[in-house]
Every structure is written in C-alpha cells, then in structure tokens.
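The following pair of complexes shares a single chain, subunit A, combined with subunit B in the former and subunit C in the latter.
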Partner chain A sequence: MTVTLTDDTSRPAPPPASKPRRRGGPRGRAVAVLFALPALLLLGALVVYPVLFSIGRSLFDASGTRFVGADNYTEMFHDPATLKAVRNTVLWVVIAPALLTGLGLILAVLVEKVRWATAFKLLMFMPMAVSFLAAGIIFRLAYDEDPDRGVLNAAVVSVHDAFAGTSPYPTARAREGQGLTQQKDGSYRTGANLSPGDTATLPLVGVLPADLPSGAKPATARPAAPGELRGVAYLDFVPGGGGTQGAIDRGESGLPGMKVEAVRDGRAVASATTAPDGSFALTGLAPGSYALKLPAANFAQPYDGISWLGPTLVTPAIIGAYLWIWTGFAMVLIGAGLSTLPRDALEAARMDGADEWQIFRRITVPLLAPVLTVVFVTLVINVMKVFDLVYIIAPGPVQEDATVLATQMWLVSFGGGNDQGLGSALGVLLLLLVVPAMVFNVRRFRRSQR
Partner chain B sequence: MMRRRVPLLTGSVLLPLALAATACGGGDVSAGGGDKPLDGQTVTVAGVWSGSELKNFQKVLDAFTEKTGASTRFVSTGDNVSTVVGSKIEGGDAPDVVMVPQVGVLQQFARKGWLQPLSKSVQGTVSSDYASVWKNYGSVDDTLYGLYFKAAHKSTVWYSPSALEQAGVKPPTSFDAMLKAGHAVSDSGLAAFAVAGQDGWTLTDWFENVYLSQAGPEKYDALAAHRLKWTDESVVKALTTLGTLFKDKQLLAGGQKGALNTDFPGSVEKVFGPQPEAGMVYEGDFVAGVAKDQFGKKIGEDADFFPFPGVDGNTAPVVSGGDAAVVLKDGKHRAAGMKLLEYLASPEAAALWAGQGGFLSPNKKLDLGEYGDDVTRATAKSLIEAGDTVRFDMSDQAPAAFGGTKGVGEWKLLQDFLRDPSDPKATAAALETAAAKAYQD
Partner chain C sequence: MTAVRRGLSSGLVQAFLVLIGLIWLTPLGGLFLSSMRSAEDSAKGGWWTALLAPGQLSFDNYAALLENSGMTQAFWNTVLISVPTTVLVVVLAALAGYAFAWLHFPGRDVVFLVVVALLVVPVQIGLLPVAKLFGQLGLFGSIPGVVLFHVAYGLPFAVFLLRNYFAEIPQEMLEAARMDGGTEWRIFRQLVLPVARPALASLAVFQFLWVWNDMLVALLFADSSSQPLTVALQSQTRQFGSNIDVLAPGAFLSLIVPLVVFFAFQRHFVQGVMAGSVK
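Right after this comes the complex of A and B.
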C-alpha cells in the first residue's frame, strides 16, 4: 500500500509514446503468458471460479437442485432481516471509514508535534495486533449491561450515582390491598381519611432481611399525641412465612430512613423521616383530613446504566469497537503520507503568515488527498466485509438488529438457515457493492504507478 | 444445541468461543488378550461428549472391551455431529457407532440411508425394557434405528430450599400455585425466577413445558411436526399463560430487561451463586451439574428441584431429550458396533454411568438404586414413571433454522415475546411465518 503514498501530483504525466515500449513479438507475448500462468491459474481457481459458482448457485433453491431464477434475489429484498442487514451495512459504510479517516488525520497531524511520537504511534497501532475475535470478546465484556461486569456501565453508573444518589429501598413495594395504592409516578398513598391524632400502619414487602439498614429495629406503633399524625412504615413479612398481612407481627422490622409526607388537597404540607423502628410523627398539622404519601424517591430503581447492546445502540457500539482497532492503521498510513509532504510548501506558507489552521486546511489536506482517498476506500472495502465483531459482540436477542450483509450471508447459508441459494445471492449483492470501491482503488493504484 | 447439556461454565462472553470448538479424538483402548468373541476388532464411536461425560462413557466402553474383547475408540465430533459424520462417511472413514444428540439428526441420517436397522436382539430389548415413546423417537418410517442410551429430563424447576423456606412456601404442584409461591418469594425480597432470556433455547423449553401440559401430547406432536399451525388457539393460549409470568416484574429477576441480559449459567448463578437474586430457576436436570460444579452447592440440600407443575389442572409435563446410539452402514466393524448397542441396551451398562452421576437412563430395567444421589434418582423416577407421556424437546425436532439458531426463528421470537408479552397472537403469527419458512411446507 505504501507504493501509493509517493507523491505523484507534482510530476508531469509520462509521455504516451512510452506505452507500447515492451510489447515484443508473438514470442515475447507467449513468454509473458507462460510466466503469468501460475498466477492466473491460482486467481482463476480461488477467485473467478468461486464468484461464477456463487452467481450460478444463487439461481437455485436451498437444496441446489431446482432452478428458481431470480427468486432468491426478490426474496432477499422482502426479508426484513436482510433489509436490516443492508441498512446496517450502509450505516457502517457511511460512518466508520469517514470517522476513521478523520480521526487518523487529526491524530497523525497532532502526533507529528509531540515528542514521543513513535511511542504514541506504537500504542495506537497495538490494537491492530489483537485478533478480531479477542477484540470482540473484550468489547462484549466492556459493553455488558450489568455494571458489575461491564466497565463502561460501571463508569456511567458511578458518575450518575455520585450526582443523583441512590434510594434506600429499591426493591420494596406496598403490601397489596392494605390501604396503600401505587400512583403513576411510583409513589404510594393512603386514602385521605387520616387526621391529627390518628396512627397509621404502612405495610411494605420485598426487602431482603440482609438488605435492611443496619440500625433497623422491630416495628412498633406508638399512639399519637393530639395534633400529630403518627404511623409506622414496616416490613410486613415474617421470615419463614406466616403472620397476618397488614398487621404488625412479632419479628417484623421497621423501615428506617423512609420519607413520609402528609398530603392535603394534593399538596405536601408536612414531611418526616422514619426512625429505626419505622415510626414517624408528622407535627404541626391543622385539624382536617390528610393522606399519607411515600414519595417515589424511596423506591427509585438503581440506575443501571446505558443499554449499549440494546437494539438501538448495538450498531454504534460495534462501530466503536471497530474504531478502536483501526484508528492506529489510519493514523500510521496518513502519518507516513504526512512525512513525505514537501516541507518547503509548509515553510513558504508559514513565511507568508498563514496560521496553523490555514496550513492544515489549505496545504496539508489537499496535498494529502491521495493518501486520504486510499485510506478511505480501503476502509470502505474492509467495513463491508465486517463479520467477526458483529457476530461476537451482538448478544442473541439483538443479533438481528446488529446484523450486516456478511453475517447475514453466513447465517443464511450455514448458521442454521442452510439455504445456500439465498446465501449466494447475498454474497453476490455484497460483491456488487464492493466492486465500485475496488475499481476505484485499482484505477488510483494504476495512475500513481505510472 | 449441545450447550444445554454441557453448559459452558465460563459466562456469556465466552460463548462465541464455542465457535472455536474443534473435534478431538479420544484415545485408543487396547483390548486384553484371551479368547473373547470380538478379539482384534476395533469399534469406533463418534459423539459430542467431552470432559466428564466422555470420561464416564469411556468406563462403559472399557467394560464392553472387558466383556467382548473388542477394543474401542471414541471420536469427539464437537457440536456439529451431522457435518462431521457426513464428511467422515464421504472420506471412507465412517465410525461404526454414532451417539446422536437430536431426533432431527437421527431422522436426517436415516433418510440419507446411512443407518443400519437395529438387530433383532436390540429391538427386542427396546420393546420390552423401554417405554414405547423411546422406540418411536428412535424409529423412522417404522424401522428402528436408534437406541436411546442417555436421557435428559427437561421438566425440572430448581430452587434454593432456604429461599423457599424464608418465604414460607412449599414446592408447588400446579402452575398457578407456582406463580403464587413466586409472589411469596418476591414478598420476601428475592425475585421468584431467574430466566435466561439471552439464551433463546431456555425460552423454548419454558414454552414446551407449558404447551405439553396445557394442550396435551397429541397437539404437541402435531405442532412439533408442523402438522398444526403455530397460529392455533392452543399456542396463543400457552403463550398467554407464559406471558402472565413474563410480564410480572415481581416474578422475574431484573424484570424483562434483566432476564434478556441473563444467559443460562448466569441464571443458575442468580439462584445458586454467592449473591442470590432469585429463588427458582427452570431448566433441565443439568442445572444440578452447574450448581454443584460451579457454585459448590450440595444437591439435595442447597439445591433441589420440583417437577414442572401441570398447567390448568392438567398432568405435569415431562419434556425430555436424549442421545441415541446408531450403527452406520459404512462402518468397517459394524457387526461389533451392533454388539456394543446390545451391551448399551442392558441395565448393566447404564448402571456403570448412573453411579457416576450426570446421567439418566430411559431403561425401565435399571434399578433406581444404581443412581448416585437422591435427586438424580428422583429425576430418573419421574422420567420412567412418565412412560409414554414423555415428549422430546420440540425445538430439537424442528429444523435448525427455526428451533436451533441464535438470533432467528423460535429463539428470537420468544425473546421478543419476553421483551413485550402483550400480544401473544402476534407472536404466534410471527412464529408460524418463521416455521413455515423453515419447514418449507
């Protein structure tokens, strides 16, 4: 690939007269053919024959015995999974090579200016040495949704929790049919029939004894003094079962640290936090009837991070893993191109008072254009055949959401579908998509070799 | 699909490594001298077993050598038996005996004309010592080709006795009682069930148990053969029943989202691991192996099972699977291979492995006392007592594109159903579309 890096834009095109220079007589041609024969044979056996075979195979059904014409091709575009694969492939081709080339360019330009350039380049290039399978497994772990396993979600969750805090009883819920009803926002309320001097019991369930705060004491309901509304929030569950639902039995624990509000006409007028035995007292209430509310904050589910490998984010997540592997490649190639740039042009621009940004935009990028194109096109071809990362990172339930043409081709032909007719049709489609990029690359290659 | 009986214990992320699983051969076992009937012959056996399963099976093979003088050689095929055996037949190196792990593969082999019908003597043993259902699953077009040597019991709900005790409930005997017990467990602070939604096959097993009990064996057979459409009322009903469990946040550890993010080893860990999150996990008898080997639980004390309860007052389902021994026509020592099958059909051979654990025999003649522990004995008893009502795992009978592939067909559609169980009718319709495509009828 480095051949293309030589800067040919400054050289004049070679005179057309030199073209038929080496054409000898018929004998020379025979020798040429003889020398090319082994390569041609290999190419024929390994490339041309399989391509032709696949095209032929794509016209037959799954068993390979019945000619079905273009049926596989029409089926291909009616199958939602294939359509999704096409869509995802397009997404890959549009995003990944552009991002990579851009990133590579920025890093290459910046790296030129740091002292430890080689060490940095080495570091960036290292992921290239990791096999896709291993990289896939690494990222499958990193993206894991469980914060205890996935490092990304562990980071997201700890940042979130540092700001938002956690709730004391994420698993708790009210005992059904015992006066507390769940509201839309996740809070619980009693009926509005309590008045100062009353004592309320708020039975809750769903807390493991081991999850109770360490200071929790057995629940006790104390009678209310005049002018205050008393009550107790407690765990209405006796270990081992038994007990009366809705009543405080022996051995039932209070729920300390629970926030309770007295609500009147939809407005919270007083609030309290429960004591170690679960009791609370709301004071300073005017006579009248109130409802008690356990705000949703008591029960907020722990934040469990971002679902990286969910249906919506899975493709961007895999593209991220791909970036990690290939950025070094783009950077090194572009860096090599950068080092062959004519220094005098840059110097001249500097002398003329151009700032760094202008130099980058008006001189570096235009001069680097051939290299950038090669990197870009190579990556386009590479991205179209991406398989291992998608296959390994996407978990079963979202595999279809992440699928690309290459994985779909494999799945349909070997991974259970066993329909090699349809699989060949997908292969042909993939070939058709790659061909323009190939032609483009070959043309460039030729031009730069002249 | 073999994963379900030899679960990879390394967690979900390593599952793709199964791709890299390669075939590896077992060692030669040389025969002792003497004047035994099969001296000098070598029976080659191919199968998916490796690790402790292979070790235990080797003991059975060694006993056969001891008895007949024929030496044996085990060739491990990795997961894909049909591909490996097919290529070996084409290459002129056919094994004599293959341990086939799925009904579908056995039928495929028989239809290709690779199999030798079982000898009169084995046929006689199968007819007298096995429930006729095992004969049916070993037969293709009324010819008996396969002898079921090893069986799996896939209608067992495993629970942590301490969790159920804490919640004050007893192992339930009906589906509704199971949900009720689940709510009691949930009140105690643990989720009721750990469901491994990330592995589609566990969901198909859930469905099969509900369906077999609710719709009965006849409809089950019809659906398995796709004589009955998935849009049938009975399928919608079973999905609705399953949906009552799936949509109940109190019953699933981590809710639906958590379930979809849990693989099979993970679901066992949620019940029997160091930090329990749930009280029960449904899957086959192999759960015991994971709980014991990976989490050091004592089976029968720290981990126990109850049979998957009957739905709507019907009898409890017994969904099963098994490895059938078949003899290949192209095997060089197929006569000796048939003798091996005769031996495998005997209670004596089954007893050898039964004592080692991780094994159930469908052979009625095998004394239950031969099993190494009470829990295995109880599963074996339940399997034998179910007799002809035993049904094979439906997804194993279906074409792989429908019942056995990650990310497509039944696996994927039931995962979608777990994510959103609100429309069983639509799920049934999607299942029918996928089934019609895979069965090509």
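Right after this comes the complex of A and C.
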C-alpha cells in the first residue's frame, strides 16, 4: 500500500543542509518552480480562487448585486427545502457511516474464518468500481413499487402472501338491486330476513372469466336442510350473453373459496367457505332471522408491497444502495487493520479459554479502534457529499423529500432555483463541514514529518 | 465436542457469507439480465422471470445501443474525458510531487500544507465560480473544460500521494545521480518515475475510474455534444420504467470498463481507492 489513511506511511525525508546547496541557487529554484508551476497554477485558478469566490458570493443576493451579509446563511435554516436538505444530510451522517463500519467489522472478522476470503473480498469490493449513476439505476430498478418489476417488492409480496394469503376476488362486486348492498368497510350484506331452512342466491359481477379459479364449477343451488342456511355465491354472467340478472342461469359459474358469514344483531355467528360450485351451508344456527355477509377480505386489493421510494422510506432506501457500494471498502480496510493485530495476544486469550465473542469484544475491537475511527471519519466525509445516488434514485416528485445538501446546492444554483447567493452559501456550508477533516489531515501530515 | 461445535459454527459462518455474497451479486445480475430483455418482457415481469425463460435473453438491446449515435458518441466522450485527465493528473502531479519532495523553492513546505488542506475540498464549491470562468474563456460546454476541472480537483490527492512516495526514495540514490551530473529532468525521468511505478499505477487507476464514473462535473460543464455516458444516461432516467431496454444496457456498458479495470488491476485498484478515499 502506498499511502494509507493510517500513520505508517510517509517517511520523513529531511534533506540535510549541507549537500543540496548546489541546487538551492537561482537556477535550481527556477527548475523547482518549473516542476511545480503547472499543478500550482491549476490549483490556484480552479480550486483556491473558487473557494474564495464562493465565500464572497455567498454574502450577496440571488442576482449578485446587493450585499446581504449572512442572510443566505440564516435563510438556509428557515427555508423549508434547504432545512429538509440539512436534516436529511444529518440523517445520512448519523446512519450510514455507523452501519457501514459495523457491517465492515463483522464481515472482516468473519471472512478470516473461511478459505475463500480473497474471492469474497473481491466480490464485496466490486461495487466500488461501479459509478453511482449505474448503482442508482440498478437500485431504482430494484426498488420499483410494482412487484412485477422491482425485485425487493417481489420478495416482500411473496413472503406476505405466503403468510397472509391472497384475496380471491379483488375486482368482484355485487349485482346491483339483487339484495346485496355494499357496506362502508367494503363488505357486502343481504337484508336481515333469512332464517334457517332458506336458500339465498348471492349474485356477483366484475370477475373476468379468465380470472376464475381453475376449480370453479357451474353454480348450483341446493335446497337447504332444516336448521341450516344455504346459498350460492356465483358469477351472474353468462359467457356469450343471455340469462336473467339475479337468477342462476345455465353456464354461470360458482365462485369458490369465498368467505360467507351469518350475521345476527351485528355479530357474526357462523361462517363458511364456498364450494367449487359456489354453494355454502351455515349450520348450527338457532331459529331467528339472519343476514348474510361477504366480508371485505374477499375483495381486498392484492398486497403490493412497500413503497420504497415514497416520501417516508426514500432516504433509508438510498442509504441501502450506498451500503451496497461501500461495505466492501469498510471491510477491506478493517481487514487490513485486522491482519496487523498481534497474533500472540489472540492466541494467548484463546489458550486462556476466552470464547470468540470475548476475544472480539475485549481484544479485537479495542485494538482496531484507530482503524475503525479512520474508516468512520472517511465515510462521514464521503456521506456529506453524496449527490448522484440521491439525484438518480429518488423519483421526480420525491426529490424534495430525499434532498441532501449536495443535491439542494445543485437545485438552488443550477436546477431552476437560480439563486447563486444561496447556492454558494450551501457550497460553503459543505466546505465548512469538511474543515475538521482538513485540519485532521494537515495535523497528521505535520506529525508524520517530525 | 468442541471440534463439532467449531465445524458447526464455521458452517454457519460460511452459509452467512454465501448469503451476503449472493445478495451483493444480485443487483449486478439483475441489471445484466434486464439489459438483455425486450421492453415488452420487462413490462410484463421482473428480470428474474428470465431465469426460467432464458429465451427472453438476447443482445438486441446492445445492438440497438450501438446504432444509437447519441450513446456511442457519449461513450467516446467518456473516453476522451477520462484518458487525458488521467494522463494530465499523473504527469502534473509527478512533476509537482518531485518538486515538493526533492527540490527547493521559497515557501515550499507551506504551499504543500495548503495542498494537503485542499484534499477534502468538495467539488461542489468549485462548480459555480469555475462555470463563470470557463464561460469567459469559452471552455464551458466542452471536453477540455470538463478535463481541466477534473485535473484541478484530482491534483491535491495526486500530488500528496506522489510527493510522499517520492520522499521515501533513499537520499543516497538521488545524491549519487546528482553527483554524476544528471539534470533534475533526467533524474526525474530515469530514476524517480521508474522507482515510483506502483504508486503511479495506483494513482492512474484510481483517477481513471473516478473520472469515468463522474456525473456531477460533466452534468454542469459538458453540453449535449460533449456529454459522457453518465450524463446521457442520467437524462434517460427522467422517464424511468418505459425505457429499461435503453437504460439497463447503457448502465451496463458504462460499468463494464470499470469492471474490466477492476479485475485487471485488482491490487492497484484497491490501493488506489483506499488511498484516495481521503478525498
């Protein structure tokens, strides 16, 4: 490794005062300037000057003509859009680096225990080669809300449906004027005028013949035995036309698998599920009058999974994509630190009967603390500047919910906001946020030179 | 007994890591499969359906992409931006790094500390002022403008990296060369650069990928005729969903070069990225 983030690299190179004096003359100095000049000119014109310019520009209004002092900076914390950006950036900084460092640490420790560690590290590091744009497209695709397109919702929906089941007839509704009325909760009810021994027909429409369950049979109404309430739920539609509304005609199909309840005084007292021909029987009913109810669960819309890219989840979702990119980095860097740990200490602890968890907590983590700090700080700096992922993954209408400092700075300056005063102030804020890192770098460098 | 438990726990560890590895591979695999499916198939079902119906897969989207002059132009623009940037950064940083490590000029150490401080300056702060500057110079909306901006923001890290590497060259080697009457230029070319080859390679790989993958800088400084692949694809994400058959192969095309570089130069890549992460 050439230059790592830890202190072990740059060797001091103190040029002794005696020998190179020959080169210190005017000609030597001119040569030195020629070597350094191209880089320094570019740095001066395109980095140093812009920093100074931005600081100055941030003190002027949108058009750049009126001096407004710190107004742009106070506006930053009052304007709802920029305030949202500040909040989201805080959220990013609080969540992402800690998660990444933790995940990297766990994986770095675990991967030491398998023989294919190198292959695994390579695989995990690979996303670092991928542009944020490509990663953004990948995850925009993965987070798609339609379970037929987004892999995450496809997984979520299949797990959900495996446990909660699917509603059989999301599109069905009752034939109007034939005794069934829709309730507020989406269920359907008959009038409370049925008694044991009666047979009811429950005509429904709105199911495409192609959507009928494969086991469905033609509807048949059988007479009820004494003490039971019978009925049939069927699709009141004859393929090819004809038939009478509200009556069971030849060729009309039963609706199997529908839940039916007998309701008395507002309470369900019995329930049944319809047979392949749509018939059902509710038994064990006391004499009296009942209403039949088709609960709303029969008609529930299919579960479509989680709105990953909706306003509430969009930031965590984008952080998820960020984890995919950076976990390998954290793991490899921590792994490099791990390999420098004194083997003796670990072996001695093992000899003393310490279990793996104790070794991890009492020895590995404390010894790795400097590396973990460097990883964490590096990630904080990078997270504060995140731009592309947010810009690509958050769909247009959700941009304002996902916005962070870097995207907001872009929007305000170039993306329609057109307020270069506020834009410059946001840029300066980004710079101020990394000043601690700047001081840290300079200090570390000077220390390494002693 | 402990052996059994060890075996069991190592089995669990392996299973866990395999699971993580599969999760990490899925996004790229999904993109690749998506890139090989027609728009109609993509509208009907997710890429995973292609696992059971491999007949859906074809290179038609890629063929269409190569016919799309906007995309091929953007691909070449990406090359025309990243290659000169990489060369310029490496050359300029090597020259400056040598001056900072082994030559003497007034204020050298202070200037170098400024360079170290510039390591973490976010590119965002340069966008607006440099855009104005380039507007006056006629560089705005052109490939040279994008290149210059990238070079400037790549230099602090590059100079830092190379100066530190050069400083580790044993003093006796340089002094001997100087005694033999070699000019600084010859010493730089024939002694320093060959010795520093690993550092130069890591820097080049890192810098190349950084620029190849950039979107933000080009989004501002490139116009429609000089835009790289990332910007061309970004404009396609507006109607996300209806154009997966363009976006997915485009994204895959944009990441195939970095992946090849990654697998060809694994070590340099990892070292370059690790060192460059201070940015």
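By definition in this document, the second predicted complex is superposed on the first by the 283 of 450 C-alpha atoms of A that agree within 3 Å, B and C clash if a C-alpha of one lies under 4 Å from a C-alpha of the other, contacts with A are read in each partner's own complex, and residues count from 1 in each chain.
Going forward, a residue touches a chain if its C-beta (ideal position, glycine included) is under 8 Å from a C-beta of that chain, and two chains touch if they have at least 3 such contacts.
Just so we're clear, the structure is a prediction, and the values are computed from it rather than from any experiment.
Of the two partner chains, subunit B (first) and subunit C (second), which one does A:Val207 touch, if any: first, second, both, or neither?
In the superposition, A:Val207 touches subunit B alone.
State whether A:Pro395 touches subunit B only (first), subunit C only (second), both chains, or neither.
Both partners, subunit B and subunit C.
Once chain A of both complexes is superposed, is A:Arg140 in touch with subunit B (first), subunit C (second), both, or neither?
After superposing on A, A:Arg140 lies in contact with both subunit B and subunit C.
In the superposed arrangement, does subunit B or subunit C reach more residues of subunit A?
Ranking subunit B and subunit C by residues of subunit A touched puts C first.
Once the shared chain is lined up, is A:Ala174 touching subunit B (first), subunit C (second), both, or neither of them?
neither
For A:Leu40, decide between first (touching subunit B), second (touching subunit C), both and neither.
After superposing on A, A:Leu40 lies in contact with subunit C but is clear of subunit B.
Using the superposition on chain A described above, determine whether A:Phe132 touches subunit B (first), subunit C (second), both, or neither.
Second partner only.
Please indicate which partner A:Gly242 is in contact with in the superposed arrangement: first for subunit B, second for subunit C, both, or neither.
The answer is first: A:Gly242 touches subunit B but not subunit C.
By the touch definition at the top of the document, which applies to A:Ala81: first (subunit B), second (subunit C), both, or neither?
Touch status of A:Ala81: first partner only.
Check the residue A:Val428 against both partner chains and state whether it touches subunit B (first), subunit C (second), both, or neither.
Once the two structures are laid over each other on A, A:Val428 reaches subunit C alone.
Indicate the residue numbers of subunit A shared between its subunit B interface and its subunit C interface, in ascending order.
Shared contact residues on subunit A: 133, 136-137, 140-141, 144, 391-392, 395-396.
Which residues of subunit C touch subunit A in the complex?
9-10, 13-14, 16-17, 20-21, 24-28, 30-31, 34, 42, 44-48, 92-93, 95-96, 98-106, 108, 111, 113-122, 124-130, 133, 148-149, 151-153, 155-156, 159-161, 164-165, 167-168, 171, 175, 178, 184-185, 188, 198-199, 202, 209, 212-216, 220, 230, 233-234, 237-238, 240-241, 244, 247-248, 251-252, 254-255, 258-259, 261-262, 266, 269-271, 273-275, 277-278
In their complex, what parts of subunit B are in touch with subunit A?
Result: residues 12-14, 16-17, 20, 165-169, 184, 186-190, 197-200, 250, 257, 260-261, 399-401, 404-409, 411-412, 415-416, 419, 440 of subunit B touch subunit A.
For subunit A, which residues are in contact with subunit B within the complex?
62, 81, 133, 136-137, 140-141, 144-146, 171, 173, 175, 205-209, 211, 237-242, 307, 391-392, 394-397, 399-400, 403, 411, 415-419
Which of the residues in subunit A end up touching subunit C in this complex?
Against subunit C, the touching part of subunit A is residues 1-5, 9-13, 15-16, 19-20, 22-24, 28-29, 31-33, 35-36, 38-40, 42-43, 45-51, 53-54, 57, 107, 110-111, 113-114, 120, 122-142, 144, 147-151, 154, 324, 327-329, 332-333, 336, 356, 378, 381-382, 384-385, 387-388, 391-392, 395-396, 406, 409-410, 413-414, 420, 423-424, 426-428, 430-431, 434, 437-438, 441-442, 445-446.
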